[in-house]
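Next up is a structure, given as structure tokens.
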Amino acid sequence: MPLVQITMLSGRTTEQKRKLAQRITDALVEEANARREAIVIAFHEVAKESYASGGVLLADQTQR
Amino acid sequence: MPLVQITMLSGRTTEQKRKLAQRITDALVEEANARREAIVIAFHEVAKESYASGGVLLADQTQR
Amino acid sequence: MPLVQITMLSGRTTEQKRKLAQRITDALVEEANARREAIVIAFHEVAKESYASGGVLLADQTQR
Amino acid sequence: MPLVQITMLSGRTTEQKRKLAQRITDALVEEANARREAIVIAFHEVAKESYASGGVLLADQTQR
Amino acid sequence: MPLVQITMLSGRTTEQKRKLAQRITDALVEEANARREAIVIAFHEVAKESYASGGVLLADQTQR
Amino acid sequence: MPLVQITMLSGRTTEQKRKLAQRITDALVEEANARREAIVIAFHEVAKESYASGGVLLADQTQR
């Protein structure tokens, strides 16, 4: 019954999210005996002005 | 002092969120002795391309 | 297909969580047309040393 | 730079979480071009008294 | 290795988020011995129709 | 009205969380004009078997 909440930069395509949903669900079924129908995944996409690592917004980082 | 974070498909009206906020808050006050003023609810709305169940994006499911 | 994540102080009984799960689920079905079977609720319980409001840990507040 | 927060029933072994972390990270690198070092995964484990689907605590469900 | 997820009303400027990211990261490094490079902060911004306190949407509150 | 959810390794003292709550709250008040009383912070502490970066559990990393 796992809930998976993924926070990531916006910009991924539907096809990328489709593949991620498949593979993450497969991993949970195969490695953790989760029931496939009970797995829910949500992607929360944020802009690079709303994401920081090391104290610096991604919008301000010269190299990602 | 409960914090309630609700992830759901986008598309609900303000009136629906208003009712949900009232009823969920009432439930927390009446069933869990939470102080009404301290209850915070946030709705995080995602597109059907950003939500999957059973490994399949909602955008790809023929019936919801 | 709503996911509901509730962060609250630990100490509620199973009966209290049972009632909360029922009422919050009912609210989502009746007010937001969510499918009952697709609603998932998780309670994340934290100690009063791990919860702050107004910049003060609940463990340090004289009145809650 | 994805953050992955997984809420699931407690009881999985370290080995299961190790495998999940590997496979979910691989999926994000291979499907979403995420940098491996920047992917963080946290498992939040809850008891079956703290998890409900369809309005019923998992502790009260006869079949999972 | 802290992950910080901040839910707040939309409307803050990039400069405000830049300062918040700096100061919250500094606090985690100085008070909790976290490694600076490992700290990730995400801002999840919601509209005032999607945020409630005391059971009332912020959109419906006469004074904030 | 910000909600701050911090996921970090368990092991911080109450005094460390007290200081973090103060400084993070001060930052939100001073930089984002948040009302002090409306700021809520929750610390979600996880074991190093439940936390991974770069696809490797912290429990398996030789250096942190």
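Order as written gives the chain letters A, B, C, D, E and F; numbering starts at 1 within each chain.
The criterion applied here is as follows: a residue touches a chain if its C-beta (ideal position, glycine included) is under 8 Å from a C-beta of that chain, and two chains touch if they have at least 3 such contacts.
Since the structure is predicted, the reported quantities are computational estimates derived from the model, not experimental observations.
Shared contact partners of subunit B and subunit E are A, F. A comparison of the A-D and A-C interfaces places the larger number of contacting C-beta pairs at A-D. Rounded to a whole number, the gap between the C-alpha centres of subunit C and subunit E is 20 angstrom.
Subunit D and subunit E have CA centres that are 24 Å apart. Measuring from the averaged C-alpha position of subunit E to that of subunit F gives a distance of 12 Å.
In subunit B, the positions touching at least two other chains are 1, 3, 5, 7, 24, 26, 38, 40, 42, 44, 51, 53. By the contact rule set out at the top, the touching chain pairs are A-B, A-C, A-D, A-E, B-C, B-E, B-F, C-D, C-F, D-E, D-F, E-F.
Put simply, subunit C touches subunit F in their complex at residues 7, 44, 46, 49-57, 59-60. Interface of subunit E with subunit A (complex): residues 5, 14, 17-18, 21-22, 24-26, 36-45. Note for the complex: subunit C touches subunit A at residues 1, 3, 5, 40, 42.
Those residues of subunit D whose C-beta lies close enough to touch subunit A in the complex are 1-9, 12, 16, 19-20, 23-24, 26-28, 31-32, 34-35, 38, 51, 53, 58, 64.
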